[in-house]
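Below is one structure. I have some questions about it.
Should a chain be cited, it is by its letter among A, B, C, D, E, F, G and H, assigned in written order, with residues numbered from 1 in that chain.
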Amino acid sequence: MRLVFDRPQSLADVQTHYCPGCTHGIIHRLIAEAIDELDVADRTIGVAPVGCAVLAYNYFNLDFQEAAHGRAPAVATGIKRALPDRVVFTYQGDGDLASIGTAEIIHAANRGEAITVVYVNNTVYGMTGGQMAPTTLPGQKTTTSPYGRDTDLAGYPIRVAEMLSTLVAPQYIARVAVNSAPNIQKAKRAIKKAFEIQVNDNGFALVEVLSTCPTNWGLTPEKSLRWLEENMIPYYPLGDFKVPKEVE
Amino acid sequence: MRLVFDRPQSLADVQTHYCPGCTHGIIHRLIAEAIDELDVADRTIGVAPVGCAVLAYNYFNLDFQEAAHGRAPAVATGIKRALPDRVVFTYQGDGDLASIGTAEIIHAANRGEAITVVYVNNTVYGMTGGQMAPTTLPGQKTTTSPYGRDTDLAGYPIRVAEMLSTLVAPQYIARVAVNSAPNIQKAKRAIKKAFEIQVNDNGFALVEVLSTCPTNWGLTPEKSLRWLEENMIPYYPLGDFKVPKEVE
Amino acid sequence: MQYEFIFAGFGGQGVLLMGQMLAHAAMDEGKKVSWIPSYGPEMRGGTANCTVIVSERDIGSPVVGSPSCVVAMNLPSLDKFEDVVKPGGVLVINSSLVTREPKREDVTVVKVPATDMANELGNVRVANMVALGAVIEATKVVAPDSLVAALKKNLPPHRQNLLPLNREAIDKGRSSV
Amino acid sequence: MQYEFIFAGFGGQGVLLMGQMLAHAAMDEGKKVSWIPSYGPEMRGGTANCTVIVSERDIGSPVVGSPSCVVAMNLPSLDKFEDVVKPGGVLVINSSLVTREPKREDVTVVKVPATDMANELGNVRVANMVALGAVIEATKVVAPDSLVAALKKNLPPHRQNLLPLNREAIDKGRSSV
Amino acid sequence: MARGKVVFNEDRCKGCELCTTVCPTKILVMSDKINKLGYHPAVVSDPDKCTGCAICARICPDCVIQVYRQ
Amino acid sequence: MARGKVVFNEDRCKGCELCTTVCPTKILVMSDKINKLGYHPAVVSDPDKCTGCAICARICPDCVIQVYRQ
Amino acid sequence: MSEKLLMRGNEALGEAALKAGCQLYFAYPITPQSELPEYLSRRMPEIDRVFLQAESEIAAINMVYGAAGAGVRVMTSSSSPGISLKQEGLSYIAGAQLPCVIVNMSRGGPGLGSIQPAQSDYFQATKGGGHGDYHLIVLAPASVQEIVDLTILAFDLADKYRNPVMIMGDGLLGQMMEPVSFPDRSDVVLPEKPWATTGYTGERPKNIIRSLELQPERLEAHNQKLQEKYADMIATQKRSDEYLTDDADIVLIAFGTVARICRSAIDMAREKGIKAGLFRPISLWPFPDESLAKLGDKERTFLTVEMSCGQMIEDVKLALECRRPVHFYGRVGGIVPSPEEVLDKIEQIVAGRCEA
Amino acid sequence: MSEKLLMRGNEALGEAALKAGCQLYFAYPITPQSELPEYLSRRMPEIDRVFLQAESEIAAINMVYGAAGAGVRVMTSSSSPGISLKQEGLSYIAGAQLPCVIVNMSRGGPGLGSIQPAQSDYFQATKGGGHGDYHLIVLAPASVQEIVDLTILAFDLADKYRNPVMIMGDGLLGQMMEPVSFPDRSDVVLPEKPWATTGYTGERPKNIIRSLELQPERLEAHNQKLQEKYADMIATQKRSDEYLTDDADIVLIAFGTVARICRSAIDMAREKGIKAGLFRPISLWPFPDESLAKLGDKERTFLTVEMSCGQMIEDVKLALECRRPVHFYGRVGGIVPSPEEVLDKIEQIVAGRCEA
């Protein structure tokens, strides 16, 4: 029998600090697979966020920088402009990218920085204990929306992929989910494409990945996948929102 | 003969520091007219930006707060949440709102803060000497894009009205121009509506106003109006981008 | 007189609550108290512990290097805290989960099969109260009634039905000493 | 020996350039120089002025309270700066635009109808060079050739054709003293 | 007899010329004299032709113009 | 004879149970024993039925599973 | 005074703010202060007050600006990196003379550092992390009860001076539970704020909240006004506490959590016959230099203990006018010194084994 | 050295950075430093370097972080409010030990203040406006030529120490034109940066740029490493200049623009027979305390002159160990003191009409 599935090379062979069943781990693996398949590990530089993925640099066999909360796109811009022939990606949570880092992601996208952004939307601030995020669903209870998100006071969840798609420069913007094996395969293809766009077309690409936070949702990992499917996907539709002109 | 046109009451009877022919002055007047017509001057609080309009508080007969550069929507949020029965508006330039203040405007809009935003897009940082703004047109020369805006390096001008229209909460978003008498009338109607939305429906409203900067464009006031019409309007189409549900 | 406690175990054993209830009881007896969680970089899973101080007078440092009593609800906790008990102090061990013998000979060792006893009571989650019963029996830091009263006052409404069970657990713990 | 100048006028009269050219000329003669614009809160329009210091030795304060020479290209400038000229200093006045007589009697007053002379030369914009000619004639701070050389070196390529005109303006200014 | 009348707050005029370019009857011109601010202010050359349409007033950035109509 | 084979890096398993819920042949179960991390790891109950489809491996957040196929 | 409750520092702070009449709270989550927003997100809607999670620390401080300018009591909180982000806003608030309360439950730095307790934001808080000449009043509680008392005081001082007041705690204080009681404030009348932007009805001149002053002379005059205010604070708002200083040969200087630890170390030292005492600054700005200077009148040794590499020690030296030796003991990076190690340092100093 | 050019301070700074090998520049416009980005926006594309106008000061400092971490010389600039916004980023950069140059052409504060020159960001620059224990090297030029020299030095020191270096100027220095010449740096070899994130090829361990350290012990060890670096800077990087101090009865202490003004005042004082001298700190951090202390060995009076309400004076007092009277003269809000008024203050002090 031959080995048909194994840990990708770019994924460090270490235990992660993620909670059991947290899909951050799946997303890490998909990124590593994309990097391996494109054979760019030796010229890739990752930018870690502040959020549960703050230790991402321990989990990849890649050079990494740790950005201040929300500033990963600016840090990635600095790296990419300094070393234009490298492959630079950011890995960011929804608090990091859609709240404190709103200006940075919009302007990196608008400049068309040739970077790849993996945006992990799990509707909460996982790391700090499950507070409300800009992506928390209407009525969803979190530690700072104990009575459920009140859209009159806190507004509606932000759809980042749709918002960024109004900009001219970005080449590729998609939303995927990692709640099932087929969706994971689609997510893989999207993430790989987002790296290809950078490598081949020198363009900006972002993949929003719907992800779970069993710990702060107070659900088992399995129920979390279901919750994602039943609650998140209806609000955050999956699909490509912007594709490169040639392919359109 | 009867007086058919005069300075609105809410507009202070003082000389402004604006350059000759700068349309900031027209926009000020339209705001004052709207406030007068809605008869809310005694409960209106303005928020001035950092930009050429930093001294706006001298030009209205209204209580005013001066916000830090880009933070007017946050300041307005603080005022409105403290005094929910007051009418609160911000007056912001394109550097202020679309560059440093990107996160603040997006989140105020997304929360549906019941404030009115008058967003003056003149494609440059007027106050600091005409540097490139996020709204500077492709190829446009400014003091920090001396060879013309290079979209490969600096990206494309941001269309704020379109971008904010992807959000759920905002009630009214429109783009107008003050380059001709008919357009000024339309601008007037839009600005008044943006205040009405706040007064009647407790919703967020933003009017993007295409404006001139004769000084930094290096054109006469008249040529500036023409330049606006010929260059800005094609890139920044006029119209309503979001209207209240009832009216839709 | 000042008592310092470290309650340690794994997440889910209710060690933070043990400490809080003891602090409540002592406070209601008019004593000075402080409670601090081990507020470590690990956010979840793994071990949990808290420090409680009960004193007749104002409490200085809320952090204690050598507590007068350590409660080890599992083996890793014993490994971590055995050495720090003050000579002459008390070491309470959940002998249901701690398999090895303690090494310290200069402290009073109290072994309570807390998990087993809780199981016998029909709810493994009250192992913490069994151990806490043993603690107050061994140290006399608060009266048993104060502890029960504290539980009553501080259990959330939907948990009040567990009060008799908790009281039983405390008694069982006390009698095991 | 140290000379301090304030050049003042309204925006568009080229007062900043006057100062810069003088500074260039002096620098090329090997002197120490400094130039500062009045960097006021007004961003545009209104008055403009700059301070130039020319010295044999290192320049201390680049800001001067009482300059040895003031050049007033219009009336508001005279109003603003007449009082500060050092006693015994030089006050150069563009008499084309300044209608009143200066009040100071302890300074050398040099009146030059700079605007009119520039008009005669066919270009009102060289009024600044007329005045500057008067300044160097009255103060001898630099040699006329140095000034012309500085202009030549520092005029942008598309303005080089104005060099003869500027030279004429300077000469006219000098001869008017 | 003029249908309209415009009154200029002359010392507030910044001489931007915008009113002169929009007046449908082309009766506004820039004056030769200089106002307090140092600008050449706009003035009415032929008051009788004023229709009181107020277009000039609407475009004036400095609220210099009052308009009367019959 | 099994078409596929799965190998678990047992001490990395966090016992999240996701693999067990997705395996089409339902051959993955949680073990009674506790691994180094203190979790009950997933194990194969009926190796012969494994098709080597790798669905379990793809959903495992911790890259615990290697898959072989004929 | 209410009955005694056993509460966490962060939660007690929230409740104290409500007692003080705090109407609005704007903040962004960060460890180790998140129990504070979490607590207020439950409590404020219950009593019709405004809890709003801002999109960032910068938005939060600017919301505070707006609400404070509207004349209402308002608070924000964060921890070290988040406080750094508020520096521009703080300078604006101080410049515009707006009353508000800012909480820093500080943690290990620099950069992302750690979430463990630290005191290495002392300089930032007391010297001005923002631009320009301004000061915050900075209060450093050492117990949960004192968190309550100083939080209420903070709101009162903020209004009195139209100036931001900072509560400087650390993660340990925020997480700790201790008994507290709350004063009854139901009959307290809050001060009028005729300067607030509430709408210009014509009954007063229009109100403008701002810090811009393009004429240097006027900006200088404004700064002089601020300096006079600061001078009044310096004259009347210095606060400190002493423990066994009367006969002390060695006086420890420490604030907050560390002061508690030093107290225990002092007790241990006294048992060993070493006459140690404690000087505890409660107001970090204005620094209680005169009281400390008085202790310096006698021949004594001083020891500053901080969870930092040595920041308050500069103020200690200035207060003592360099007349006495000042030793330093510091732990950083989130390490909380133990009473035993402080005792050890005391013993070394007494034994003459340390140079000041 | 190049021939003499007459250049503005802001532009000379930009050219000096290019000479020093600055490859990237990220900034956001603000008066009074905008001539710097404007100059570089023209010059950098000509020589294939990267000029990028960031969306904000925060983005700019984080772009600097990224580029510095990638091992390339990089700079940003701003003025007071913009520098306040960079404080979190500066703390991260210092924590992650990244070399870069930050320029503050400071202006009147607090808040929006004015665009006129000021020195009231001294505390922020030297004590750490961000959180945690860290230091910037802070260099304060007093002439356009010195802007050039110190900018080049700043890049070298940044690399030497893997630490951010700040150039502290003010609006006047930035706007002023003076003759400058540029050293020829074409044969300078820039240091290797084996720690930079350039891609992990396996030839070295993977490189990680970060400041997080969740284990307090390790964060403390990291802080100790930083402190050792700072100790080395303190030992070797103090810079100052003196003018007529030898026989001076009164020594003025001033930096930057104000030092120039003081020099003129001293010349005027000498003409009147008053023996005045100047001590000019060039490095504001590390503060040149030993050289100043030496001047304090003799019976003398000191006068600190600042465009602030009195900030550097604390370091002056600490350096002099409070042995000598230290007077203060300050102007704020954008007002530049004149030599005449400084002379006046000197005369008053000499006449015994001032208390220190």
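Definition applied: contacts are C-beta pairs under 8 Å (C-beta built on N, C-alpha and C of every residue); 3 or more make two chains touch, one makes a residue touch a chain.
On a predicted model such as this, the values are computed, not experimentally measured, just so you know.
Q: Which chain has its C-alpha centroid farthest away from the centroid of chain A?
A: The most remote chain is D.
Q: Comparing B-G against C-G, which pair counts more contacting C-beta pairs?
A: B-G
Q: Counting only Cα atoms for the centres, state how far chain A is from chain E in Å.
A: 59
Q: Starting from the mean Cα coordinates of chain B and chain E, work out the distance between those two points in Å.
A: Computed value for the inter-centroid distance: 26 Å.
Q: Once you find the CA centre of chain A and the CA centre of chain D, what distance in Å lies between them?
A: Roughly 63 Å, centre to centre.
Q: At what distance in angstrom does the C-alpha mean of chain C lie from that of chain A?
A: About 43 Å separates the centre of chain A from that of chain C.
Q: Touching two or more other chains, which residues of chain G qualify?
A: Each of 52, 55-56, 58, 81, 88, 92, 96, 111-112, 114-116, 210-212, 214-215 in chain G touches at least two other chains.
Q: Which residues belonging to chain A are in contact with no fewer than two other chains?
A: Correct list: 19, 54, 66, 68, 99-100, 102-103, 106-107, 129, 134, 153-154.
Q: Report the residues of chain B in contact with chain G in the complex, numbered from low to high.
A: Contacts found on chain B: 41-45, 47-48, 54-55, 57, 61-68, 71, 74-83, 86, 103-104, 106-107.
Q: Once bound in the complex, which stretches of chain G touch chain C?
A: Residue list for chain G touching chain C: 4, 6, 32, 114-116, 171-172, 175-179, 257, 260-267, 336, 338-340.
Q: Over in the complex, which chain H residues touch chain G? Could you list them?
A: Of all residues in chain H, those touching chain G are 58, 80-81, 83-85, 87-88, 91-96, 106, 108-116, 118, 120-121, 123-124, 127-134, 210-223, 226-227, 308-309, 311, 314, 317-318, 321-323, 331-335.
Q: Write out the stretch or stretches of chain A touching chain F in their complex.
A: 1-7, 11, 15-16, 18-26, 29, 180-181, 184-185, 214, 220-222, 225
Q: Over in the complex, which chain B residues touch chain H? Could you list them?
A: Result: residues 50, 54, 66, 68-70, 95, 99-100, 102, 125, 127-129, 131-132, 134, 143-147, 153-154 of chain B touch chain H.
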